[in-house]
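Take this structure, written in structure tokens, and hold onto it; I'll ask about it next.
Order as written gives the chain letters A, B and C; numbering starts at 1 within each chain.
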Amino acid sequence: MHHLLTLDGLPRATVVGLLDRAQHFADTPGDFDALRGAAVCTLFFEPSTRTRMSFQLASQRLGAHVLNFDVSTSSARKGETALDTMRNLEAMGVRGFIVRHHDDGAVARLADAARPETALLNAGDGRSNHPTQGLLDMLTLRQAKGDDFSRMRIAIVGDVKHSRVARSDLHALRALGTGDIRVCGPASLLPDDGTLADCNVTHDVDEALDGVDAVMTLRLQRERMEDGLVDSLEDYHRHYGITAERLRRAAPDAVVMHPGPINRGVEITDEVADGPRSLILRQVANGVAVRMAVLERLLGR
Amino acid sequence: MHHLLTLDGLPRATVVGLLDRAQHFADTPGDFDALRGAAVCTLFFEPSTRTRMSFQLASQRLGAHVLNFDVSTSSARKGETALDTMRNLEAMGVRGFIVRHHDDGAVARLADAARPETALLNAGDGRSNHPTQGLLDMLTLRQAKGDDFSRMRIAIVGDVKHSRVARSDLHALRALGTGDIRVCGPASLLPDDGTLADCNVTHDVDEALDGVDAVMTLRLQRERMEDGLVDSLEDYHRHYGITAERLRRAAPDAVVMHPGPINRGVEITDEVADGPRSLILRQVANGVAVRMAVLERLLGR
Amino acid sequence: MHHLLTLDGLPRATVVGLLDRAQHFADTPGDFDALRGAAVCTLFFEPSTRTRMSFQLASQRLGAHVLNFDVSTSSARKGETALDTMRNLEAMGVRGFIVRHHDDGAVARLADAARPETALLNAGDGRSNHPTQGLLDMLTLRQAKGDDFSRMRIAIVGDVKHSRVARSDLHALRALGTGDIRVCGPASLLPDDGTLADCNVTHDVDEALDGVDAVMTLRLQRERMEDGLVDSLEDYHRHYGITAERLRRAAPDAVVMHPGPINRGVEITDEVADGPRSLILRQVANGVAVRMAVLERLLGR
């Protein structure tokens, strides 16, 4: 594994190996030396303080020097291409790039042009991939439900069409051999391009939740409303929002997840988000551990 | 001491203990290990590069990983509450939060909602508290005037009404049993809510300065003029500005302090600010030492 | 050497000593301890993410604590002078300042007012000096062409008039006793103040390139066009752009340099910039090594 661009097609053993190592980091406080003396750079063409800080903490705990380059707010970078930026930082000695970009495939294109010793870590590109989110969601599921994914029933609810989180979750769930993957959302927010080929697709959330072990909700961007893909946030919540009542359809010990940041009262009620079945903050915690595992794998000595 | 939210009501022994430890840090160059491996985050809802950097240096000298989160300039944080932000960073493993907020009590409210292992450090909230400024001012006074505060005569001059610095100074001066606390400013800039109950209040700066050991001046925000609380900066300076001439009323070895940044020629003349009696840069230096002492106390192993 | 403000007048032995030490850093991966526990601050009154990051990496590899202060985007700094900012940071314990400023001489003025233990490192002031760029260009030349500068023929092409890079290159080339320094550009972009006294000046780029060992191109700011100093970017490129064809006039093993960021197709074609004779990324790599050598010299134990 030279870069981490996607979870699509990753062997089960690779995913399990990363999860095992991440669990070790989650269980072990303090710092490690795997990246001591190495320089990594967060290169975000789309701003996200939260994700950036998670990667920053992961890098720091491994002993790396971290540079933060928020291209969206940098006045200096106008007119320079992403490629020139990467090449300059490579020349300065940066070995790892944690890249978020609004364009599908942008991170893979950078990886194609990178030096042999450079590692690219996709922190989200377009609607395509957010592999560390997929991994942290699997770690969270495994902690709650054990490691036999073949017996799991998982519902993914929301705007799957525009979600790189959903795509990476699907890649990871497949890699781990998940038994029953259900996908639910309004027709306008579900992809019709084969992404959901092996999933049980429904527009009825009660049907989707019936007996499931976990509900993975997705963030609804406000612009979906502006684009006419949903009528209103209230309407979306009425049909697809996860409420305590709706959750009674799921298995008695079902858990609820969300990649954050939450639109409270839209995708999920406060009661559920802050309730005993919510794993949302556990997901955030696992994010640092998973990113440490990936960084160590790509850049560790 | 679990958080540092206010100096109000803090026992004398606690204040003295922190000052003693801060003096040790001020006297000892180089780095310490008390926060090695711990992550702290500066969470500033009101921007202040200077105060943020002081806390950052203090954290770095103790070996911590430091994240800087300037909420006021973060494009990503719109719509997320301060509480959600803190909870997410807590989940990532951040143990200490250094928070500045424009609302009175905002930091205390975050502390109420924090995890048991989290420590909050108030870096200024509304007009209420700026406890590390109070402590660094006491350290500065003690270095210059010895540790018997009962014999000290201190004048606080300026916009006390809107000043969290003045309130924290008053808390600290009382905790240390200061003999004579005088407060001086125009009626429009003095609080009438009991804050000054045990102080000698006057509107005449010459009276306030008569024989004092130290003059603590306060920053005058330009908006006080816009709000009609002072006629003009010139007028304010004529009546309350600290000049070399006016300072002759004070004790021969009186010192002058200011929390910065200075409005030169308004609260204080260049001659006094840069003169031999000014402790203004000493205050800045002591700021790092005091913040190290507080961080070690709250987060040290 | 207490500060590094300019290369003008620096003894040859000092330049060679810095280049030798930089070469050692370039050859040796990993971190060093020379600045362990010391705090340095990048203080940029003119934004430049690339240069700032190069200095940041250099400081981190030496073990320093690094503060980044981008004055141009800091909302908090309005109204405070550069001098007050430096004095406050000095008081906090910052020992090294890496300063970029739009005004000629601004860094030298700060150096005059600094404490005896403070070191200033000029990261570019006005059109006057950019000494670390001059040094990294010399290191790059030396790696490619050996250390006998007296036999070298060097052409500097472009907007020399407004370029601090060109001035520092000229200082360094003279210190090393370069045999033949040619300067080429349109009359509107060449200084007429004695700067080029000992250079072979021409407006004909083919003449300038004839038989040279190295071509140092300079960035053309778009504002030169707005100011009427060049007719158009196309026109500039036609007359002064470095193309593969034009480069045939130079020595067979001639190299091409550019301080970056490149205006592709203006100062230089893609073919040359990305071709085998380009040392542009080598310059970037040498930047970190040279800055380490300077920081160690000014601030090392």
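Just so we're on the same page, a residue touches a chain if its C-beta (ideal position, glycine included) is under 8 Å from a C-beta of that chain, and two chains touch if they have at least 3 such contacts.
Every value quoted in this text rests on a predicted model; they were computed, and no experiment measured them.
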Expressed in steps between touching chains, what is the minimal separation of chain A and chain C? 1
Rigid-body rotation angle, chain B and chain A, from Cα fit (steps of 5°): 120
Over half of the interface residue numbers used by both chain B and chain C, so same, or under half, so different? different
At what distance in angstrom does the C-alpha mean of chain C lie from that of chain B? 41
Please list all residues of chain B that touch 2 or more other chains. 73
Quick one: in the complex, what on chain C touches chain A? 29-31, 47-50, 53-54, 56-57, 60-61, 72-73, 260-263, 281-282, 284-285, 287-288
Note which residues of chain C are touching chain B in the complex, please. 36-37, 39, 41, 65, 67, 69, 73-77, 79-80, 84, 87-94
